[in-house]
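Both of the next two complexes hold subunit A, though its partner changes from subunit B to subunit C.
And then the complex of A and B:
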């Protein structure tokens, strides 16, 4: 007999991310109207929400689409289009009861047929489709129930399908046969698609038929009781930081995805602007290739680890908006593996580095650092790390390229040793995509590591939370013990609004529901 | 004249072919592809390969090239992978932005640069000449992205006279269009003004020493009229040359200016395509830009014939 439990009642796999406490303006009355103009820094590669993991696409899609489950303010999985889920005791069946009264932007009521077709489309071309690898079949016993029959146990399923990385959005069944990038923009979210001018802007209008989730009493992360107040949301693509700041100062823009730290300091006394710090936003890391050249040797990797002064890198790369945190999960989350004893690894020790180099028989071979110039965090980390390594006696070649070139280079098994990367969405999601990045058929460090593979397997299959936590701890210990990658710090970002944007709260994207103009 | 036009247009065919061949080669040589952009920064190699297959990018280069040339001969520049629309449509939608920016920038540069050059020539080696040429040098030396940011700060943030970015279509709101294009056009104009003023000055100095100008002065014509009517007319060929070159440079400058002012023009389209390796847009964008260059050169050559009747005999 199956033992059932409600996932929402006893969440066992949640990663509660401690975010800054933001006043929710209790008692304030929202006011409808206005076109809020948001500036984001890059154009999305596509607005097919399932297909891409790009932040720019999330900024748009989280307004138009919803999923069965999503993440709350603390990054815990919470129901959105589902009322909840019953998980069989053996972990092989997930039964989702869908919320009633939800309609798509085209007026069609959402049913389990839409949910099934959306999941099947995702399994074919979704940005995180591996999350559905363990699912053997999707069944629809009635119009409001979706059942996932598992082929193998995957306790992280709810965390995976609630991730906004490439969200598991529910779209009308008739859209699901369309190829990647060619889907109609029809969802169930609080705003509906109006116009998309690539390179310029996307416009969404308030969906007055929006069915808010009555299980909540206020907005909560990507879920909660969402109320759209603005008549429309225009998201403009403004790549130039100075132009974004100027637009906010003049009032042409109301919300900025990010404000440069230097500009935030300059504008701190401007009464027309409010700034919000999001800390943590991302892990700043240096990945090492353990398959090729110098970094194939663990002794050399340890020498690199000892030679780096992470605080100097952090301070320069983030313009001072950082916190030193050696752990590979955020402190305060369920999977936080602790940071005791890590000081010995993260403190710069030039003598140790030189001794390790000598012991490894280093002979002046060149260390290849690849980094892109598109993201300041990456460029500065690569540049400062290269200088520190030179000071420690390494011969270093810094190869600065554009993002696609670096991305093509770093998946190659040879030709690079160090690669700086800011991991944004993955640590927010919890441990699965952080550990998964170092495991599987194409790990970031190129050569699979047996201990990390084992941790990844346990994380994916152990039903007990404590066992999965132990797997994350083993993963972190291995990263430090074998110097597989360097965690530089946690970095933050500053979001900003005009002072007349009320009830705004910073989050992974600029949520334009439950905000209004004064 | 018709013969000249036909010959020039036929001569453009190999130019366009070579440009398309080189740009095709470059897109093949440059590492990285659109699949890695779509898959995201933390995608694995397997993820990227899957997206590549879904986008149909696994075609051999030769097959892709033959298919593309076949399309071009039928008037089809291909389909953008990112935008989900035909390249021709994507470029044509953005062309009015770039053309209005370029033409207005060049128009402002001519309206200021040509009189300034004439003034400098008329007052050669005196303070108006020195001030004008110093200003021209300054405009020539300033990078347009920096100039753009400076104009945004002064006219947008400090004075609140003009918007800091964005584009309003002239069909929607003519005044709004003028306001939206004013600062970007000014930053393009300031960089083009220098060469036009300098070329006008040197051409005018040469023409001013001609016999027919001496005759005009001997007839008692006032000096401003001599310069406005006779010196300018005699200097038009080199001025047209520099304006024609300036048009090409302005198209290049528009790439940067469109980024700074967030204008949805062809420059921004092509830069975005290059950064994401949307190769049909790179190919189509470059081909159409080359066509514009060729046409502008042809128009400049025809204008030579119009302003200088002596050249018509050799045409």
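And then the complex of A and C:
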């Protein structure tokens, strides 16, 4: 007989990520009504939630759709449309019991048939469809049970399908045959689709038939007991930061996806505005090409590591909104590998860098830094790092390009040495996409590393959490030991609302449930 | 110097001279390294150490402006000279050899159909950001205008009696062009190129502002303004100071051009008398 364990139970005991506290005003009474206007910074490529990994799409889809599992306030997986999951001791069967009484926006009750069809559609065209590669079959023994039969072990399945990156949303079965981008916008979330004007706005209205999850007593990350109060949510696409700030000041906008740090400092005494710091938001990193040119040499990479003053990069790139954290998982999360002994790596030591350069026989070859001008974090990191490396004796060429060009260049095995990158969603998701970024068929450092490959394999096959944590530790140790990449810091963002938006709490995207107008 | 008796030329010369002198002496008079970061002194207000304050990298704004003006002037001068030479030759050829004129000027018209700045942005974005790219992009963008001015001047010159007389006595074309036609066209060409110089400085600032100018951390006036854009309220000195320098430079070059035109145009000379 198979021994079963509950995934949920193990995780609720886990320490949570020090994300902003859950709304404190539990005692406050919500008030229905109003059209809340949210400004986001970019247009989504599509609003087909499964199909895109764009942050802009998540801003919308997390209001309209729900998944079997999603993430809580601490970024840990928690059930949403499922009551829980039983995982067979051999890791080859996952049995999800679905919540009862859940209806889609079209009034149809959600069943396991919908869940199966949605997962099958995701496996074909989903933005993170590789997560379902290990699944051999989806079975529906009854209307409220979905069983995933695995073809091979994948202990990260729940982490993967609970990720909001390209969410594994459940939609009506009859919608699942529709091609990419042509699906009806029907989910089970607290708000339902009303109108979409590309490049302008999307409007959603409150779904009064929403079945809140009674297993929770309050909102919790993307899950929890959600209550929609606003009559409608209008998300406007406003790319210019100054226009967003001005809109918030005048009251034309009620919630901002992000507020520039400088503007937040300026507006801190404005009684009409509330600002919220979201820390951590992303890893700020400098990736290195271990395959080509100077950075193919570990001694040079170590010299680069020693030459960088990460606090200067962090302070400038983040406008002061950073925390020095050398670990490659956030402190407080399930897989945090610790940061003991890393000070020696992250402390700037120009003398050590110069000596290492001399020992490596450096004779003035140019270090090629590629970075994009679209994301300030990247450009500033590249600019400051280049100056620090010049000061240490490197000859540096900073190649500033647009984001698509940089993204195309950085996958090439040659032609670049350093690439600044803010990793947003990956560290939030946990270790799989962080370690996976350095492993597999296209590792970010170009040259595969045997220790990292082994860590990645163990993460994907070890059933015990402690073994997987050990794999993450080995991965982190290897990154520092071989100077494969540089972790600069954790960076944050600032979200903002008008003062009359009550009970708002910042998160990876704006959540317009459980908040209301005063 | 009769030129300096003209007020607008004198004001222009003073403005341009000031910026030129500051830019040329940047290596000696700039108080700090223009690319040296100091995150402990970010967005510092002007004081007795940092006369124009610091930017968000903690870099001295005055030093960056002095070095940035050098880059702007270098680009402006290069564009003025290169487009003057290329446009001058094309205009000369089109104005003199009427058979070539028809198709070569259509090519120029085609290029002029694109807004100059848009064409330069497209070229600079395609070629990748660097100082030489900006020079090439702006030269391509502004050569057609110079060619058109030069062609007009050549058409006028070739109809002059002294040119006809030289042709009738069998002076060879090359000598005729060099000795009689080109000198007659120099004045409008020089005036035109002072405007190109000014426009190129503005255009370089625009290219740098939109991110296709010389790459960071190289200071240029446009890039300094772009750097200061996000901090206009809390640190207005970052964007305003290079803006004032650009205004001085462009105003000065335009006044110089006006003064030159007044001095070199015989009709204007008569009016001035």
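Assorted remarks:
Following the convention adopted for this analysis, the second predicted complex is superposed on the first by the 512 of 518 C-alpha atoms of A that agree within 3 Å, B and C clash if a C-alpha of one lies under 4 Å from a C-alpha of the other, contacts with A are read in each partner's own complex, and residues count from 1 in each chain.
What we mean here is this: a contact is a pair of C-beta atoms (placed from the backbone, for glycine too) under 8 Å apart; a residue touches a chain by one contact, two chains touch by 3 or more.
Because the structure is a prediction, the values reported are computed rather than measured.
For the composite obtained by superposing both complexes on subunit A, the positions of subunit B and subunit C are free of clash and fit together. In the superposed model, A:454 lies in contact with neither subunit B nor subunit C. Applying the stated contact rule after C-alpha superposition, one finds that A:250 touches subunit B and leaves subunit C untouched. Applying the stated contact rule after C-alpha superposition, one finds that A:407 touches subunit B and leaves subunit C untouched. A count of residues in subunit A touched by subunit B and by subunit C gives the higher number to B. Applying the stated contact rule after C-alpha superposition, one finds that A:200 touches subunit B and leaves subunit C untouched. Shared-chain residue A:316: touches subunit C; no touch with subunit B. Contact with subunit C, but none with subunit B, is seen for A:386 once the two complexes are overlaid on the shared chain. In the superposition on chain A, A:398 makes contact with subunit C only, while subunit B stays out of contact range. Legend: residue contacts after superposition of the two complexes on their common chain; A:262 is shown touching subunit C, with no touch to subunit B. Draw one line from the C-alpha centre of subunit A to that of subunit B and another to that of subunit C; the angle between them is 30°, to the nearest 10.
Once the two complexes are laid over each other on the shared chain, residue contacts for A:174 go to neither subunit B nor subunit C. Superposed on chain A, the gap between subunit B and subunit C at their nearest CA atoms measures out to 7 angstrom in whole units. Counting contacts as defined above, subunit A residues 402 meet subunit B in one complex and subunit C in the other. Only residues 35-37, 39, 42, 56-58, 125, 128-129, 211, 215-217, 230-231, 233-234 of subunit C touch subunit A when the two sit together in their complex. By the touch rule above, subunit A contacts subunit B in their complex via residues 43, 45-46, 51-54, 125, 127, 129, 165-166, 179-182, 197-200, 236-240, 242-243, 246-247, 249-250, 252, 374, 402-409, 411, 421, 423, 425-426, 433, 437, 440-444.
Considering their complex, residues 241, 260, 262-263, 265-266, 311-312, 315-316, 319-320, 373, 376, 379-380, 382-384, 386-388, 398-402 of subunit A touch subunit C.
Residues of subunit B touching subunit A in their complex: 30-34, 36-48, 50-51, 54-55, 81-84, 90, 94, 149, 152-153, 156-157, 160, 163-167, 259-262, 264, 268-269, 272, 275-277.
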